[in-house]
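Shared between the two complexes below is subunit A, which has subunit B as its partner in the first and subunit C in the second.
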Partner chain A sequence: MATYAYEHRPDHGAKAGVLAYLATSAAVLLLMMVFGLLMRLEQAQWISIGADRFYQLMTLHGAGMVGIAAIAGASVMWHFLRQYVDLSSRIFIANLVLFLAGVVMILASVLLGRFHGAWTFLFPLPGKSMGMWSADAAALFMGGLLVIGVGFLLLHLDVARAIVARYGNFARALGWPQLFGHDDGKAPPPTVVASAMVTIVNVIGLVVGASILTMMLVNLYVPGFDIDPLLAKGMIYFFGHVFINATIYMAVIAVYEILPRYTQRPWKSNKVFLASWTASTLMVLFIFPHHLLMDFAFPKWMLIMGHIIGYLNTVPILVVTGYGALMIVYRSGIRWDMASKLLFLSLFGWAAGAMPAFIDGTITVNYVMHNTLWVPGHFHTYLLLGMVTMVFGFMYYLGKPDHETDDRPIDRIAFWLFTSSVLGFTLSFLYSGKESVARRYAAHLPEWVPYDRIASVFAVLVIASALLFVGRFFARIGLARHDYQRAPLARAATA
Partner chain B sequence: MINAATRAGIGLRILVALYLLLATPAARTWLEATMSGHMLVQIPLLAALGFIACRLLPEAWQETLLAAAGGPVPHVVVALFASTWWMLPRALDEALTHLPAEAAKFVSLPLLVGLPLALAWRRLGSIGRGFLWTNFISMLAVLGWLYIAAPVRVCNSYLVDQQESAGWLMVKLAVLLFAGWLASLFVGGHAECGASDITGAKAAGTLGRASPQNST
Partner chain C sequence: MQPIAWQLSLVLMTLVAFGFAFVAINSGRRQDDYAPLQKRAYRLRTRLFWGLVLVFGPAMIYTLTDLPYGAARARTGSGPLQVIDATGYQWRWELSQDHVTAGRPVEFRVTSADVNHGFGIYDANLHLVAQTQGMPGYTNTLRHTFEEPGTYRILCMEYCGVAHHNMMTEIRVDAR
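Up next is the complex of A and B:
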């Protein structure tokens, strides 16, 4: 049986490209949070922006949040993966440039072209606007997504190249020799395993996404080339679900890399860990039909597959990662600071956020819950308290002035404010869903408004705490480039 | 024992024979009788013959040809434009009804698609090759959909059922190629060193190193 011992590795500062990714993510995140707040204020009837503007904001909020989740996740993955394999800085920057070009196209399509067909751009909505936006505006939006997709495809091809150059092939990068044979303790580190998984699933998702976007662009100008709406929905959700899932699988690398530095205990690439990532590599490709359970016209086997795999995929990585985190923290004498607290909290957010999806993935529940605010409750918990919190933890880690430096009181207050306000904000969504409040409605019934008002108050507090996190990151961005020890030694290690 | 030059000579003769075989009236009639045979067998075979023939040329010749046109990117651009032309239904009709167009197909596919691709392929690097593969696969699937969903008969020479059949074959081929390409990433190759070696090699140790604030 393999033995694992903690082996200290140098604590590298971030490359300028990583900081550019994080700065972009932070700025767009705050802007999109404000857009989200405006939507909630509209539903709460505290402001009046009108339905058109509401759906424009909803489109920007959805596309923007998915985009920056991917950019932020990619920055975490790239920062740590480059310590094991030889990645290309030029490709990394090219992805950011293409991303920004795509963002400009999307902003122009929504703010100038008034496109508001939601980030899911479900067929045939972009082409059938009933005069509310032009075909050119829809094309600009989908073209923007295509440009962003090309950038990420290049990034993942570079990751694939670098992993294959180092490990020979993806089977080795996923640790299959150790998983299916003798575990000699030489399986690739968790960062490489996670990056390999993300690369495989994202390349597949991006190729499918590029295909449906091109098909819809053709259909936009030559409607005679008809698309089966169910096929389009299946392809869009396959691409979209894989892409957004991959963001948390990239961001969790921060947990695998940083928490061991605080506890001086290794994060083991053992058989259970490897099995969970291999299982999720497959399952994440087949889980998307749980978004199609209300589409009775889909083949029954697909819906059943979505139901079963929706249940199964909740378990492997989440449980293994959550359990792994508890094990390396338990009695380690860890010295908690903002980075370690946020990273630990993110695992709770990930676990708590997955549960509403687990429940909604049950066909009988899905029929009554899927079009309610229950589902935004799920993905806001999963992304805000899970994925985004991992990124905040990463930002705090990079900017930590010294391993002995204590957090300022205002940061500690902001941590608890963030935790409680995100919980209040997401529970408002979930409770609204339980009360059958429909989602994607600009105007709410009077009996729904109290929930919207509570959510709006919490949203303001979330933004206030996020503003402090982001402000602290920008204030310390100069430190983030330097190589020095950031994590304090655990008490167990110094005793 | 056969040396490399002799092997290349034999290989080129076989390719010429195959090329001539494809150009015979019988082979042309057979392959061009269906849209699928024309688009998915004859055209790729002609491009493949050019690709393989280029690989059999002496390395120095390949380098000279590559340098003459300015490197790998112009070669890929030429190949993309030439192959795009032969995806157009009108080009297929022209080839079937006008001998000069048929001759142009037999010349352009090996020389303007296969040969430049082969010259550029190695120089593209794995990112460039991966990008070409993924782009080709997604566009093959989209092209297949275009043929399936086309509201009109796109070729005068082929019936609607043939274009639909060709479309479905393109979609299936795209799926198979994608699966094959992905599978190829899971086999072969060799690891540079074990994981522990990597971490060990990277471990230069900054534990305890002064932070920028402390050092100033």
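Up next is the complex of A and C:
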């Protein structure tokens, strides 16, 4: 077995493009959080915006959050991957431009065209609004998603080009020679392995997503071009699952790159690491039927496959990445600051959120919990306390004035406020799911309202702490471009 | 089922939290020689992996023995099958009949005349007891035996437009 030692790498500041990605993500994140709060307040019967407006906000919240998760995740991947491969800045910027163009189209569709068919645009709802929106509004929404998808496809093709130019092929980028042969310790670093995985799954996912969007766009104006609703559902969930999952696999690169700098311990691509990422590549592609467990007409072997992969998919998260973070932090002498705390917390959020998620993927559980608030309960845990927290950690890291700077008391308070309020918020969702509260309801039955009120209070606290994190990032954005050591050295061993 | 899912999730999330808290508490004093620590940690990881396999492997397989797709659930009741054709429309349910007898299996043949809907059966305590999707072009067969008489509500479980949350109806279950 190869032995691994920590090698210090110089700390590069962020390119302007990375900061533009992060600034866009942060601003849209706050806005979408406010939209989410408005939805909870409406369900709590503390405000009255009406079902029409509620579902518009719901559509924007879903599309917006998935979009900025992808943008933020891509910025983390691009920032660190360019240490190892030669990426195109122009394509990186082109993706952001296309993203913003898509956002404008989506905003126009919803705010002007009153489209509210949900971000999942399940066929044939966009074309059957009962007069609530026009075919043009639906086309603008789906066209916006398509434009955003094209941007990401370009980005991933550029990443693919750069990886192949440096490593020869994807098998080598995934470390297969070391995984299936002798581990000579020369497997690509975790950042490259993760980027290769994300590129493979997202290129496939985006092509499938673009295909169904194009089919549905044609169907909007040529109804004779018929689409099988079950096929459409399968394609949408395949694309949607891959795309949102990939955001976590991109953002976790921040953990792989930054935590070793704090602990001066290596996070290397050994056989177990490589095996888990190869397994995740396959599992992310084949897990999507767990979204269709209540579609009894779907092929049963695929539904059972979704159930089984739901269990298996949890193993790499717990045993490799989560456990890996615990290993390098244990007795490391790490000096905790906002960046290291948030990155450590993010892996807890990811691993903890995976628990109710795999339970939901159990067919017999799904039978009584599918499309209840249990679902947003688990995905808000691993996205908000996992993926978004990784990005907050990355933002704090980039903006850290120097490696010895202490955090301000208000930031420390915000960290604990964020941790506790996100847990309160997500547990409110999960408890509501346990009580069978249906998902995506503009108005709740009187029995459900108390849970909505508790969730609303936690949502306000989540937004307050996120506001401080984002404010701190913008206040320090000028520092983020410079090259200097940000991570404090771990404490020396004591005799 | 829901209380089990909730309690199991809480236990597992708490165990994960303990793991992270334990490491955070023991992170301050540095052990410079990482190799022996790594060796011990890898050993523990192997045990953790096999522990997960031993606990969750059988659970994964056992839960596959009670799938809602076959006729197994209906066997809990006795007597002739009661059939209800259910069709979802934006935004109402059309049922071929709205009352059944408790203790006798019911077969719901669920479909949709327009967009995707979800056919969710709620008991008197407002707990979801069974569901399937209602899809245009497909009929999903849901078999369920109502053990308790009373009024059950049917709620839509798939977002279908502006009045999705109002898409409800009732089924009366009479005592045998």
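The rule we apply is simple: the second predicted complex is superposed on the first by the 489 of 495 C-alpha atoms of A that agree within 3 Å, B and C clash if a C-alpha of one lies under 4 Å from a C-alpha of the other, contacts with A are read in each partner's own complex, and residues count from 1 in each chain.
The rule is simple: a residue touches a chain if its C-beta (ideal position, glycine included) is under 8 Å from a C-beta of that chain, and two chains touch if they have at least 3 such contacts.
All values reported here derive from a predicted model rather than from experimental measurement.
> Based on the superposition on subunit A, does the combination of subunit B and subunit C result in a clash or a fit?
Overlaying the two structures gives subunit B and subunit C room side by side.
> Going by the contact rule set out at the top, does A:413 touch subunit B (first), subunit C (second), both, or neither?
A:413 contacts neither subunit B nor subunit C.
> Per the overlay, which chain contacts more subunit A residues, subunit B or subunit C?
Touching more residues of subunit A than the other partner does is C.
> By the touch definition at the top of the document, which applies to A:483: first (subunit B), second (subunit C), both, or neither?
A:483: touches subunit B, not subunit C.
> Would you sort A:204 into first (subunit B), second (subunit C), both or neither based on which partner it touches?
In the superposed model, A:204 contacts subunit B only, not subunit C.
> Between subunit B (first) and subunit C (second), which, if any, makes contact with A:188: first, second, both or neither?
First partner only, subunit B.
> Using the touch definition from the top, say if A:169 reaches subunit B (first), subunit C (second), both or neither.
Touch partner of A:169: subunit B, not subunit C.
> Considering only touches as defined above, state whether A:9 meets subunit B (first), subunit C (second), both or neither.
first
> Determine, under the contact definition given at the top, whether A:269 touches first (subunit B), second (subunit C), both, or neither.
First partner only, subunit B.
> Of the two partner chains, subunit B (first) and subunit C (second), which one does A:367 touch, if any: first, second, both, or neither?
So A:367 only meets subunit C here.
> Could you state the shortest Cα distance, in Å, between subunit B and subunit C after the structures are superposed?
14
> Can you check the complex and tell me which residues of subunit C touch subunit A?
On the subunit C side, the touching residues are 1-3, 5-6, 8-9, 12-13, 16-17, 19-20, 23-24, 26-32, 34-35, 37-38, 41, 45, 48-49, 52, 56, 60, 63-64, 66-69, 90, 114-116, 118, 120, 122, 126-133, 135-142, 155-166.
> For subunit A, which residues are in contact with subunit B within the complex?
7-11, 83-84, 88, 91, 153-154, 157-158, 160-161, 164-172, 185-189, 192, 200, 203-204, 206-208, 210-211, 214-215, 218, 224-227, 269, 401-403, 478-479, 482-485
> Mind pulling up the subunit B residues that touch subunit A in the complex?
Interface residues on subunit B, with respect to subunit A: 125-127, 130-131, 134, 137-139, 141-142, 145-146, 149-152, 178, 182, 185-192, 194-196, 198-200, 202-214.
> Residues of subunit A touching subunit C in their complex?
Within the complex, subunit A contacts subunit C at residues 3, 6, 51-52, 55, 116-118, 120, 122, 124-125, 128-130, 132, 228-230, 233, 265, 272, 294-297, 300, 303-304, 307-308, 311, 315, 318-319, 322-323, 326-327, 329-334, 336, 344, 347-348, 351-352, 355-356, 359-360, 362-365, 367-372, 374, 430-431, 433-436, 438-445, 447, 490-494.
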